[in-house]
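Here chain A shows up in two complexes: once beside chain B, once beside chain C.
So, the complex of A and B:
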């Protein structure tokens, strides 16, 4: 009995002493689990409608097509083809994301038929004038952050883990993000973004989760509200198709010129 | 989107643009035959069809310009009329198409497949459609393009009434074109990217896209320039190294034929600061050195010239952007400045302002003939 109390005491002391480490490990465990649940789709295609709303409520729309292919042991390869506004119709971006190295990025300008390698250092810049930064749109590799378990919470009746994540990339526009991950399905419902000064900048809310291929949960809508700018952007997905046999050739620099 | 729907199993998509433009020339012309400020209109359509699970595609891009002053500038062209087939590890393009090679901003030295539609823009970025057979092979060691180029397209030049031309006009009816026996040109290019490096090497054998302009007379005794297109062999190198905000660029060519060998290169960098002035906007600095061993006699006039430019992008809803630059002649007293700005207006039109200003032109400078041709152009493109 005495020995058991000793062991318990020791265990408690260890837990107290390593609480910090445990919180980090727990945060990372949840992030990896979220990534595991999200991965394994091979490839997917989707159509995207983006609605940009300014401070006065004026709206403008963008239409684009997303193609994404998973790569073994590295980040995703993805293509975004712009459909509207029409002055940028056919402009296509190709990204090879990497777990820790900077991403490789090319842009295709259809009028000149020119493919340009561009800098991927612009992580914090706005994507097509929206409230989504390039780093919000890009592939969310778990290695791009360090983690800390924060708390438990409820998002619209869904019990969630709240984890903090801290960008590894010094070009990131954020000091931290708080991700609300549903306990049951390990899917993200909400992300709060804090700017470099540590002030709350934006909130992303996902909604309308649908199940694809009996395995992959994807939201129909993502809405980003920028508190500091008073603007918001709504992304609506449609025509999701998984395992469409996209090849590496389809996501190559040369394939950009096909301008779908 | 003009339309976007499947017809007979083919997914069709289209785009139409109509762009009225106006060019103000800041000075009276050198030659009284040349026009003053005038309007112009460009109509361009794009039709694309896809079938067979996107493995087959057709593209059709007709282009037409109506110019208020220069009859040579009033012209139409089929920019593209091609069929693309995608196989496993290869692709083919058959028909009239356009191919761009290169990495630098101040000039496109390596880019040789398509002829320049020079009447469109003095920056030589507009190209004429080129009949071709293009086979692309995708391999672990890179991408290999093999091109068989058909019918030769002659360069377009401003007419007697046009501005931005040599003091003596070019007479296209007198042109001499030297062709390979098969009446075809051949080109190949290998390209590969390894991490931060994008590298390409190319070779072209056929009729030069750049004519030698020889002073002569018409039968009625008017002095004109005669374009002579020799057979050449040209090797090209393209390199870009992308290191975070820095893009390091190099293009170089060696050309053999047409009575002389020559070497030319352009190299420099583009450095971008993201999120400047406490805003979402980017500011880029471009510096490129242009070298040609023919010096001021080179057809491009860029023998020993430094290009410096600042590019600003607002990253706003209107996608507002502005480029201000200058080409500074180091070996001669002749500089010019360029201005390129544009922004979206409403949902589906884009307003653009372009300018070119020739200053300090000395007699020995390649741009001496253009010293009275500084202009400012405003245009709006409506998309349907």
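So, the complex of A and C:
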């Protein structure tokens, strides 16, 4: 905590006056700090309920379980196991995210008993019909973007830094994102996504931050509103468990086929 | 009362002129608020069932607003490296079109194939320059045989390519469609400038929406000046008075300004139909000023000084003008029963104009005539002589006219049932619109522009991968595809699933079929979905609950009758072959336009009846005779019957706009009938003439005025028939036809009928005492 405050103080001092610090450096500094605060958990598991809403307010739900493990020197490894609806129960997605290279992704289809590799260029599409693209929920490695400090703002009484980030991956669906990072805890409250022609496409709002292991702030709810499509998706997390001794073996292609 | 008003007016003309101008300026202020509506949906009310179905469908999937760019080349077709690079470049640039949400073309089409055990989903064309001739031939074979592409994004003959840009207008600011079109046109001209031999055609819902305000603008900018020209020629020719013409021009302009200003204050949108109101108001206002001015000039020729002439003309015309304005207003007010809101606006705006024209003709115009240096001129003796000759002929050959007229009504009337309803929205625009010609090009070379969309429900949530559902979905698509040559493309989920099934089985052609296990199908779909990049997801095809899918049929430019027939057959096919839960009615803009005339005609039939009854009541009051009121039904109804009968023979089709004409014209044709009957009655009751002499009397007193005003009205509506927008042109032409027929009927059928009835002594009108029309004998 002390270290955070120290870094925060430094950041504020830099904003206040340092002639050396450019906006780019400032933005990147905040992104790295956000990543640092988020990292170090080792691994975690969580249950996820996803509620899709269309323009008329009709709803549809999906249930899944997330497993994520940090990797030293590279992006996270993660698994999503689908629980409901019934016809996709047991479908499992495995992702190795990378700092700059496109992520590797495999899908296990229980009915076919096969693992299928997913084309690497296609991470900008929607995740199971929701308003979240895969790139929105995948691991947010700082190297995936370039940054620019924008402004200060307030999100629901929380003073925030507003930083712009620009995807490095040319196949990204976005031209830029604006991230609202709380000044005090360096956690993201809100992200505005701009489409390729620079128009506001979606807004993600996090809420219900809870502290786990006295260190890690995680939101209970993430709500994505797509302005252009008039649809929204709510993700609700529950049953968070940290340090559950996930092994690399658990997060491997060969492990995918094992029934869950 | 009228006399004292007239005397006050001639005493204070300047005051009246100033008050009128001030009132007009205040009301005209509303024109600043006029806004053009840029959506074909404006033609449909919220309660129109196909619109509800379409809204529901759009809320479930996405709105189908789009711009379709069709790329064609002088030679070589799509499948050369250069041309594919151009398609790729245009696709990339199309992403920058404002409010675009997805861009589909042959280059970024998500092509699926097997690679070892994996499913590869990738852009169909990534590096066009690296394609050798053999690869180009192979690409052409694959693309033109792919049911997802051929007849939609690539021409079946490989000559043209389509780039389909889906647009989601936020609806938060004005002229969003205009912004899209401006950007797209700029893109098109820069592409055409960059690549010689390339020609780009634009069609789709957004260009169609944009063509409506373009039609409005075209009408406003070409018809209104033409109308002024007609006014100057007609009024100048008949009155031969500079100041009379000037006065009429002012009065007409003021009437239009007041009407448009009021509609602006009331927030009525300007649509192509309501854009025809200036021409209509000018025409009707002109008829008012003709009545007032001809009478005034006649008085001056007879020696009255200017002010007395004004007083006399006011006395003689106040009531008839009020009654005919009321009758016209009644006719236009019945437009409120129309199914289509723009025609309700058209009616109301015209009512404002007609009432403004009446007030100005009894206020501003006489006042202006008091202060302007007008002089009485010689009349048109040849016209009077011509009218008298008509009277002679009608009296002599009355039986022939009566039988001929009645026969014409029966014969032409018998053709009315064979009129076909036709509302092909493409034909609303004539060939002067690039939208029309571009769309025709697209329809000829690429895909069908007329569509029918279905949202076909499955049994339950997630039910779209149920084999029963999928089999019937595929069979329904197959049924549509068998409706050749009318069906150009069918977009359906089952095609994708067949293909993925094949891909996941090593691209073996014998696996190009639907998976027979619901979970397997669901999991296939999931692999595919997870592999799709931004802007290619399946949300346009599958609802969020996976409980329904969308099927879109693209049709050739078929007639409304044909469309309705095929749509009905499709519904019958579903009832007979598909499970009950899958049933759904097709909808689309094309379907909505196809059905609106029929509903509109039903409502306009009651509108016509109401107009007829109301107008007859006005006539009975005006003539103080129920019997004459009953007789007047004949010349009021016959023109509509004759007009529609002739239209059936000449044109054969009516649409949304022409279907309102009957109700609309009843209020206008009454004008001539009133004048003729009141003169006839005056001759019979006050002057004690026999029927023959009374007919001659009526001819000689009001025949010329009837001829002049009808000429004015016909000319005005003929101006409207010059519209580039078919709805307005058809409406103008049919109205002009009916008004011309009405004059003929009033000159022939009406007098023949009067003489026949009176000689049979079934009609006696010699009772009564009062002539509210008070029109003076011109020979006194």
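Here is the rule we use: the second predicted complex is superposed on the first by the 238 of 260 C-alpha atoms of A that agree within 3 Å, B and C clash if a C-alpha of one lies under 4 Å from a C-alpha of the other, contacts with A are read in each partner's own complex, and residues count from 1 in each chain.
Note that a contact is a pair of C-beta atoms (placed from the backbone, for glycine too) under 8 Å apart; a residue touches a chain by one contact, two chains touch by 3 or more.
Since the structure is predicted, the reported quantities are computational estimates derived from the model, not experimental observations.
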item: Three-chain arrangement built on chain A, chain B and chain C clash or fit; value: clash
item: First, second, both or neither for A:196, with chain B first and chain C second; value: second
item: Partner chain(s) touched by A:99 [first = chain B, second = chain C, both, neither]; value: neither
item: First, second, both or neither for A:215, with chain B first and chain C second; value: neither
item: First (chain B), second (chain C), both or neither touched by A:36; value: neither
item: Which superposed partner A:55 touches (first chain B, second chain C, both, neither); value: second
item: Touching partner for A:119 - first (chain B), second (chain C), both, neither; value: both
item: First (chain B), second (chain C), both or neither touched by A:83; value: first
item: Touching partner for A:185 - first (chain B), second (chain C), both, neither; value: neither
item: First (chain B), second (chain C), both or neither touched by A:228; value: second
item: Chain B region in steric overlap with chain C, selected from 114-122, 276-284 or 294-302; value: 276-284
item: Chain B and chain C footprints on chain A, overlapping residues; value: 52, 54, 60, 85-88, 112, 114, 116-119, 121-122, 124-126, 128-129, 171, 173
item: Residue ranges of chain A touching chain B (in the complex, touch as defined); value: 52, 54, 60-61, 83-90, 102, 104, 112-119, 121-122, 124-126, 128-129, 171, 173, 247, 249, 252-254, 258-260
item: Footprint of chain A on chain B - complex, ascending; value: 1, 15, 17, 46, 48, 50, 54, 57, 84, 86, 88-89, 91, 98-100, 102-103, 125, 136, 138, 143, 191, 193, 195, 198, 240, 242, 244-247, 272, 274-275, 280, 282, 315-319, 344, 347-350, 381, 383-384
item: Residues of chain A touching chain C in the complex; value: 52-56, 58-60, 85-88, 91, 93, 105, 107, 109-112, 114, 116-119, 121-129, 133-134, 171-173, 196-197, 199, 227-231
item: Residues of chain C defined as touching chain A within the complex; value: 56, 58-60, 62, 95-101, 117-122, 168, 170, 461-462, 465, 504, 517-520, 522-524, 526-527, 529-539, 542-546
